[in-house]
């Protein structure tokens, strides 16, 4: 297990290095952004004069030299302070923290659904290769893969909410309904259905394709021949030998995508008015609230890193070779 | 008239969520709507912009127009129980607002002195006549803040900013960030039996579609300003449970226009600007882009603002006239039919403005003026406009009821100030216009003022420093059970002291 | 005297003494296996008929692609469905047609009554499953043993195949085991249910000679102990000679010769069998001593190379000593053989000489100049003089270039005019026995042997003085192997080339080398003339290598023996 | 020979042929957009909110009366243009870095791979959004942003190919015959690593088109370029009243991306026969 701890430690060091790089990149992106937040606020107050703008600049520290600002920025990030949204007049972290749970609920549900359904469908297709079931799954996966996810979302809500009226078209819960306890959970769950399906479809498609291809490849490997030569039943060969090996590349890709899922959720949350950080990102884009945008950028990067570490651990658990060869 | 009943909570929307409710420090639209129930100004205004009592019970103006004396209501208490007095008014207008409120600073800096004659009388002495002065006491223009809390402190950092203390009919009970702001009745309100409502709750609903749904389902009884997107309006106004009004925005009187940088050729040529005006169909903009919200403007002054005069040069859509003017300027179409190329930077304030940009590109393209659209964000836009780094942009300004407060600032050459937004950023300069605005602002005789403003409107409509596009209207939807709401020129931003809910 | 002349094959004994066994264990009748359209031929196996009796080892021999594996796979129901299928004939196991059985019954035969061991021990085990479990799976499928009993049986089986620490080993993952250990695990797995028939598809090809010998011994003793019928697939006649009772020779899917081992080995009838046997490198028929003339062409002096594998931020890298204190001389016209087991560092030395690897220390003197002291630019002139022929004829030619270009590229890189180089390339191709049109074709249009000729032509185009040949024939079939070796020998003699010949096959080394250096774990343990090394090996390791050569006691029939190259 | 083999393998895959047919149709539509739909796609051709099959607009008109069909045709140009140029840019960055890393190995490889990892850690779409938002949307910034977020997989692929090909014997042979590094990289290794790179590139065009459409959908498109994502994004708010405004451009994206994926798979089958066989 020493190897494991070392692996973990080295991953953390690497993650920290990447994070620092991202933070510095963030800073320069903020400064590459045109315009002056103080000016915007002045504009929003309905009138502006020099004095007002100067006061705001001083308040935000925008009148300091660049290196000093970088120092302050990095120092603050280290303390968990992601900066201040001039537009919302609130610390970025407060804004993000408010939105994160909704996003996590959405993405994790979608991810688990996509993984379970994708692997199941891919396995089914690989086992029934060449049959109509295989073709149907392959075609569906290809379609889901090729369709913009925000468009699927729009079409699903057009069908299930606007035409059929079965499911809520947007939102996280029924506003003002004041549900508590189980009723609240059920309410959120109903609102979750469309966004989760939409977000899951694309990823499900890629896992299904990957699982199928990987299964077909593994199926041709020598040890599967060995298993057959032992007279094992088909189902045991598939589950114990083929699937277990075929799942390795799926884990790798899923690990990469789990982090990227948050990016995909920008679109879904926009379509379904889901009050998560994806939606926040959209609002921040519209208002060009760079502080918030970059905060999201940092937080999502951290999530990618966390998922990568998690994947590595999972991979290490599944594949005994990792601990040694690493 | 029905008899009002007491009780009930009005639900409304606040969007976006205001950063603070301390109205003196922040005057964004949502802050005004909520804090207008907590704080009060000395006056409010009816639909015709005639002053009406608020904290001031009565007032007099000296015949020379230099002295304004306000008599305040008795028995007014701050929400913390401390008595309100003339000293609060003096502190607010002569110190607090002068420090933090740019619009109030512009007005009160015209005062020679501001004095409390007694505990309930305040006297403002002006350096020179400024008849628009009486229009400047509405709650967002001059909110009265408690001196006992702010005097001598760093206003912006005062801890009391999170727990606003006003004199208004409602007090802040709870503010759950991201969810709602709950106001409750001020039991100590100085007007007997008022307010009628037990409270007002403002819900934070960031998503536009959810907001219309909330109104549709009766979860909220009022929406205002940009809560609903223009495209939702035609559908929503057919709902049985709500009424639509576009009144109540007379005080702000927004006017949208095509802002043109006169430092760039050929935009400096008024024939070119006229050609632009002829190329554009403003009715189309009103009907198809704003879905019928707003009025087609005639000239520089919004028709609800004082001294508005419709007898000016107007520009009916006529591509032929536009082409003729361009021909006259010697701008002949090239092989692709292009006479000139201009850059247009639509205001980055949402989809409607984007659509407007697309429309303008198309309409101008038809007469041979090729438009390159430039995409910016709010900060970039503000900076580029303020620093004159643009060719054409769309913009809108509030006119605040009086040309001296909200119109002149756009056209007078003394207000060409680089780096400051909402000034004469076009760089337009006409000595006659400067003179007329200056005279009118100091003229006590309303008839003479009207003459001067009429003349300046005629000159401007011919010089066409900007191309006016739309007298904007905001939709206010009210549930039919809500009575007595939105009755003044400041509409939903007013105190709502006499609003009541039918059972 | 050959032992096959005196020994009766067990099957003959059985047939005579036990008339009960008139039904053979396995009876293959007219078996045909169809390949999908577009394959190199319509039938992988064409009308194959043979029998296998209990307590008999049947060796199936034949070149690559002759259909040996297909036959075995058909018996195990392992044909790659659906595109490869049995097109006709029957496979009778104890009189019952396997092909006509329902799937469930076939499955109970598979692994239960008929078991199989595969060629590639590295890939034949599931990398994610402990080896004990993999063996246990077989028991679980075919017996009613409860789990603890299965576990005990697994350990017992592992002990039987000679693995140390069987209880511990059962808990190991395959990647921790060496190739030989894995092959033992495979055998244990095959034996788990005490099968009647064991099919072994080239089970030793991927192993080193010494390991090969151990595995062969193991298989033979287990077969004898349990009286199993065994079908042993191989292409190595040495192995056949070592273990076979009966031999079936296949070519292009057809059975060309079938009979008792003694007959086939000593009196081959079919021309193809005769050709195969004639190509077998003869053991010990080394050539005469080479007269070393003049100054040495190449001197390797105390060359050392250590590879650092893995390693990172927190990990020390592992060190692999691939070469240590390696010293060697090659005289003009001399062929030095470098032999040793896999991983002993043969290629590392070869590559160091041609400049593909930079050793850590030592000197490599070519005509007195230390090549290792030279920088990139300084080394360039010597590139022409030292050339290399690679092992894999498929990988050593750029598939996207025409053969003419491939041969001409070297000289062009040294400033030769392209057209002149192309003309010369054609001459060289003719010299290595390829016709004129070869230059305009792409490598994939040639067979393995032809490609190796192209590789030789490429090396010769540089007009080298020393040729390093790294296992130039080990990827080729025996018959082709012989031809390429002859070509090399011919060229060597005509151009008076010196050659460093790397091989793991002592029989090949014996045939072509004047001097032999034996390597083990990065060191040269013995170096001497071929005669000395083969007749009086000084090092114990050399002796064990020689000892491990399969089929030593078998002498190729005299009429098929060729005069060894270089022997006068 | 090699070519005809390629075609035979490609044509064997029915999906690939279908994809190619669709793709050709879309390319024709894009190239001749101004012939089929003369004039500007931004032009108000008819009354706003016309449903499909109305007189002046086969696929209906949008909220400003612009012809949806014309928008789709001209949008095809933008989509294909952005897809191709950003892929080309990503290829240039990715293959160069990957080739250098794979060929040189050691420290160079280490440095390049750390850099690549950084870009792989940042969520693609978020980075693209941030870049375009900050550097203001235009065709150039969009192409650059897409290229910046899409090169890492190409670099990894190229590196893997170069790493494995570098040790292949024909490359070693090229070294022993004294060929220069640049000759070896360009003449020996690159042509042999091209197949998987071409396959990836064809799929990347599809991804780039999706990415562009997503950016436009969020309002981060070039305001002067009519694109499919823009059309859907702009129509999103009126989807209750006018489904056709978002449905047709969406179908255009689906068809294009699907076609590219099918062609990509066909290429994969034809260029990497080993994988094709395992597909069964």
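As written, the chains take the letters A, B, C and D, and residue 1 is the first residue of each chain.
Everything that follows uses one rule, which is that a residue touches a chain if its C-beta (ideal position, glycine included) is under 8 Å from a C-beta of that chain, and two chains touch if they have at least 3 such contacts.
The structure displayed is predicted, hence computed values, not measured ones.
Trainee: Applying the document's contact definition, name the chain pair with more C-beta pairs in contact, A-D or C-D.
Mentor: A-D
Trainee: Report the inter-centroid distance (CA atoms only) between subunit A and subunit D in whole Å.
Mentor: 22
Trainee: Mind checking the centre-to-centre distance between subunit C and subunit D? Centres are C-alpha means, answer in whole Å.
Mentor: Chain centroid spacing, subunit C to subunit D, equals 47 Å.
Trainee: Please tell me the distance, in whole Å, between the geometric centres of subunit A and subunit C computed from their C-alpha atoms.
Mentor: 51
Trainee: Can you work out the whole-Å distance between the CA centroids of subunit A and subunit B?
Mentor: Roughly 41 Å, centre to centre.
Trainee: Touching at least two other chains at once: which residues of subunit A meet that condition?
Mentor: Only 14, 33-34, 130, 220, 286, 288, 290 qualify.
Trainee: Check each residue of subunit D and list the ones that touch at least two other chains.
Mentor: If we look for residues of subunit D contacting two or more partner chains, we find 133, 136, 219, 240.
Trainee: Which residues does subunit B have that touch at least 2 chains other than itself?
Mentor: Subunit B, residues with two or more chain partners: 209, 376-377, 380.
Trainee: Write out all the pairs of touching chains, ordered by chain label.
Mentor: A-B, A-C, A-D, B-D, C-D
Trainee: With touch defined as at the start, can you tell me which subunit A residues reach subunit C in the complex?
Mentor: 6, 9-10, 13-14, 130, 220-223, 225-233, 236, 240-241, 244-245, 318-321, 324-326
Trainee: Please name which positions on subunit B make contact with subunit D in the complex.
Mentor: 208-209, 229, 231, 235, 288-289, 346, 351, 354-355, 357-359, 361-362, 365, 372-377, 380
Trainee: Of all residues in subunit C, which touch subunit A in the complex?
Mentor: By the definition above, subunit C touches subunit A via 76-78, 80, 82, 107-112, 115-116, 118, 120, 123-129, 134, 137-138, 141-142, 173, 175-176, 186, 189, 310, 312-315.
Trainee: Using the touch rule from the top, collect the residues of subunit D that touch subunit C in their complex.
Mentor: 1-2, 168-170, 172-180, 183, 187-188, 191-192
Trainee: Would you tell me which residues of subunit D are touching subunit A in their complex?
Mentor: Answer in residue numbers: 15, 114, 117-118, 120-127, 129-131, 133-136, 206, 210, 213-214, 217-220, 229, 232, 236, 239-240, 243, 246-247, 250, 253-254, 257-258, 261-262, 275, 278-280.
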